[in-house]
Amino acid sequence: MLETTALACERGGMRLFSDLGVALQAGGLLRVRGNNGSGKTTLLRTLAGLTRPAAGSVRWRGEPIGDDFRREMLFLGHAAAVKDEMTVSENLEFSSRISCLDVAESKIRDALECLGIVRLADLPARYLSQGQRKRAALARLALSASVPLWLLDEPFSALDDEAIARVSALCAAHLAAGGMVVLTSHQDIPIAAADARAIEMRG
Amino acid sequence: MLQAYAFIVRRELRLALRRKGDVLNVLVFFIVVASLFPLGVGPEPGQLRAMAAGVVWIAALLAAVLSLPRLFAADHADGTLEQMLVSPQPLLVIVLSKASAHWLLTGLPLALTAPLIGLQYDLPTDALGVLLASLLIGTPVLSLLGSAGAALTLGVHGGGALLGLLVLPLFVPVLVFGAGAVTSTLIGINPSAHLSLLGAFLAVSSLIGPWAACAALRVALD
Amino acid sequence: MASRLLQFATPQAFFPLAGKLVPWFSVLAGALALAGLYVAFLVAPTDHQQGESYRIIFIHVPAAWMSMFLYVVMAGWAGLGLALNTRLSGMMSSAIAPTGAMFTFVALWSGALWGRPTWGAYWVWDARLTSELVLLFLYLGFIALKSAIPDPVRADRAGAILALVGVVNVPIIYFSVQWWNTLHQGASVSLTRAPSMAAAMLLGMLLMALAAWMYSIATALSRVRSIILERERDAEWVRMQRSAA
Amino acid sequence: MLQAYAFIVRRELRLALRRKGDVLNVLVFFIVVASLFPLGVGPEPGQLRAMAAGVVWIAALLAAVLSLPRLFAADHADGTLEQMLVSPQPLLVIVLSKASAHWLLTGLPLALTAPLIGLQYDLPTDALGVLLASLLIGTPVLSLLGSAGAALTLGVHGGGALLGLLVLPLFVPVLVFGAGAVTSTLIGINPSAHLSLLGAFLAVSSLIGPWAACAALRVALD
Amino acid sequence: MLETTALACERGGMRLFSDLGVALQAGGLLRVRGNNGSGKTTLLRTLAGLTRPAAGSVRWRGEPIGDDFRREMLFLGHAAAVKDEMTVSENLEFSSRISCLDVAESKIRDALECLGIVRLADLPARYLSQGQRKRAALARLALSASVPLWLLDEPFSALDDEAIARVSALCAAHLAAGGMVVLTSHQDIPIAAADARAIEMRG
């Protein structure tokens, strides 16, 4: 469904990678590995359509990625996209709304429950700790079962062991239901997947 | 799409209410600037009346320029803007709703306060009405073109001053026609020519501004 | 033909071509300017209304024309770069901007000097003068925006958007004398008044305008050469060029 | 300590050079604002000459207010300010060096450009000198009191307008005496009374400003 | 040398921890463990003197912490304190200068070498990847052997395995030379230390 052909990316005039071809089918998990600065974030942003590739293209269901693709994709980057002034549940509501997801009150609470932060639902995000903030951002995963493709940039950083288990369980469930996950991570978190692959950036 | 427009506007308004006083600040800034002038320039009533419209308009321009850097910066810094770009919502809708919210939070309050300042400067009633009308037509231009400027200077350090440099010249026609409408009323000329020019300018900028803002946002987040 | 042209659209190919063209255009600019100044100061007769001060026209009008024309050219290059993603376009627009700003400044300055004897004031806030001033600020904003963004690709694209927005100002400058009754008079007035003088005046103005053209091309090309060197400093061919020199 | 002062100032200047045009932007903003006034107010030379000092001073005030939010905000956002607080350097030295750098980068260039704008407004030569002098004495006040304002509004959303609201009233005396000095020269009165009042104000604010800024910074980072 | 007596911290009117007494001697390593939001960051900021405790006190060499303490302490928080506009080496130079450390050209390069980013020395920090930025911040450790107390908040997050090894080696060397290290981390990174202890926040 998602495939890249001869993808190349440049930053500041330097090739980060080139001639990258990956293809991901329903139920597939792709781990992007590599040292600091090897281009993992750049690759994910290119897949999401945020960064223009220097060469090659990204295709979704055979078409170049465009407006339709954005309906079927969820991208969570380094930045948590959590607004300090809004409460945790308001934040989740807005980010789901903007992705055209269902935002019934009860679903929101279930999603927060799922990440173990339902206790903080009405706390303004300003007061969250680093890890709680990350959890608040990841709570969207629990609402996005219907979104086929998940692109997650270091979802496990700043999380404690309990949260890591919760998030990897969410990913595993998504894969089992025929979803696709692309993730970068420096930690080796086990995720149950029928079709798991890894690519190593720059050797 | 209309739905998306509505809920983004609602969110912006709610955020503004949370950041208590945000609206109030711009307003008070506007009033302070307008009140500084007589201090700097000297208090002769005739002279003051002649410059009232210009002063109010300049204060409005500066208040707008001061409030513009925030239009996208906060959303950019915390990643919300990135999320908006990868969301299924058309970028144009997002830009339009942010510009609308900006107008509701700055332009509209400014326009509604302006007659009070006009009173301070001893403007006659018909001139007050024209002042209000000119601001109601002109301030949306500030939000529309301003959103383009804000998007262009996104992530640029020292963006505030650069933004001022980029948009203030574009606001010059608004200032000239807006203040001109009031001044012409003062000397007994019908202001409708000035006001309709303002309207034309609004039409042009509502085409150009959001387009430029969309393009600039994509560049800023590349 | 098109492919022959496109061949020069890469910085690497354009660099030597520009290098060859610069001296020619510089010489042409100098020669035309000398001829223009000769006509302007020695051939064209004194105006019986404005006296000698009218001779500012030979600077003022070419500078004003170039200021508008160069803006359109700059925006054109910028737009091309935005649409087709060609590297050279952004460099060209960067190279043109300072010359355009310079001509705008000259038009403003010469107009102001001229205004003193004819209107009795250096400056009035009429539509043409104001929109010309806005043009200067647009040039400056373009330059400032580009230099504020360190990544050249991003700077090119952001600058292009600004340049395109600003294009609206050019017709406003041009037609402002017709749309509003301004203090600024058109040339046609003096042309019809003294047709015998017009020939020499027209010739002088045309020569000066052509000189301004050549000068703009020369400066833009030589500036684009240094921009190419700066931006492609890590490219193989630039390093070879440097080690050869 | 002197050494720390010197290297922080040097660093600020270097950073400003890197953010190409930062200095230039404030300057151009200043010039644009000063050129906007005749647009809004009307072009009679006599009237313009009378308001020249006020306009230049107001433009300087606004340029300062626009540049102030950056004084600590960038260092706050990326954690540098935190590092400064836990470093062995006394906080007062840090604040003083940042305020000095701010003056070197905004106040001084503004003061040096002001006579050019005065020329545009057709001011006589002696008034130009007084304008320059008043700005040289007055602009450090903007940086000193401004640093306190910037520290107080640190981390507050919509800080830009709030900052303006906090410091502009404090700047009013500077505006009145600064513009007053020039205006009095215009009507033939010796400006030294105004200038020495400005000097006194500078002395007071150099005591109060940095102290308040230090206290506010500690609170902002608690 | 560093000790807390009956330390308590509040955030938003809620006690995060109270009656905390820890003491650290030369060569001692203290790991602060705990779930997301349990108060690790708050504790470290309190130890550094940035946050005021609600009760109790922090003492250094028997005195309440004050100006002298700051000469003998290095605090690295969540924020990297790396300036986008300056190059990596300029950043390191400034942060060392302000801590009154030696900043000879060669030392700076050695420190960058030690974190494996000497290649990036002259790159403006704007272009660094997440992990490279963290490395740039941590390079100060290599210059701070003479500073007895290190307070490190999640030093290993965003780092790849190679960088983690480098940083933990630095910590081990510091401890061996009689230094003290307090660190928080969700990952269990082995650090050789004679006197290693851990406290678990909120049970």
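So that you can tell them apart, the chains are marked A, B, C, D and E in the order they are listed, and the count of residues begins at 1 in each.
In this section, a contact is a pair of C-beta atoms (placed from the backbone, for glycine too) under 8 Å apart; a residue touches a chain by one contact, two chains touch by 3 or more.
Note that the structure is a prediction, hence the values are computed from the model and not measured.
*Asks:* Tell me, please, which chain's centre (mean of its C-alpha atoms) is farthest from the centre of subunit C?
*Replies:* E
*Asks:* Name the chain pair with more contacting C-beta pairs, choosing from D-E and C-D.
*Replies:* By number of C-beta pairs in contact, D-E is the larger.
*Asks:* Please compute the C-alpha centroid of subunit A, do the same for subunit E, then give the distance between them in whole Å.
*Replies:* 30
*Asks:* CA centre of subunit A versus CA centre of subunit B: separation in Å?
*Replies:* 37
*Asks:* For subunit B versus subunit C, what separation do you get between their C-alpha means, in angstrom?
*Replies:* Centre-to-centre distance between subunit B and subunit C: 32 Å.
*Asks:* Roughly how many whole angstrom separate the Cα centroids of subunit A and subunit C?
*Replies:* 49
*Asks:* Mark out which residues of subunit D touch at least two other chains, giving numbers and ranges.
*Replies:* 19, 21, 25, 28, 32, 39, 42, 74, 77, 157
*Asks:* Where in subunit C do residues touch at least two different other chains?
*Replies:* Each of 125, 130, 133, 137, 140, 144, 148 in subunit C touches at least two other chains.
*Asks:* Where in subunit A do residues touch two or more other chains at once?
*Replies:* In subunit A, 12, 78, 84-85 touch at least two other chains.
*Asks:* Along subunit A, where are the residues that touch subunit E in the complex?
*Replies:* Touching subunit E from subunit A are residues 11-12, 34-37, 41, 78, 120, 123, 127-132, 134-135, 154, 157-163, 186-187.
*Asks:* In their complex, what parts of subunit A are in touch with subunit B?
*Replies:* 48-52, 67, 70-71, 73, 75, 77-86, 94-95, 97-100, 124
*Asks:* Would you pull the subunit D residues touching subunit C in the complex into a rising list?
*Replies:* 19-21, 24-25, 28, 32, 35, 38-39, 42-43, 45, 120
*Asks:* Provide the residue numbers of subunit B that touch subunit D in the complex, in ascending order.
*Replies:* Residues in contact with subunit D: 19, 21-22, 25-26, 28-29, 32-33, 36-37, 39-42, 47, 50-51, 53-55, 57-58, 61-63, 65-67, 69-70, 74, 77, 157-158, 160-162, 164-165, 168-169, 172, 175-176, 179, 183.
*Asks:* Sort out for me which residues of subunit B touch subunit A in the complex.
*Replies:* Touching subunit A: residues 4, 7-8, 11, 14-15, 18-19, 74, 77-80, 82-90, 221-222 of subunit B.
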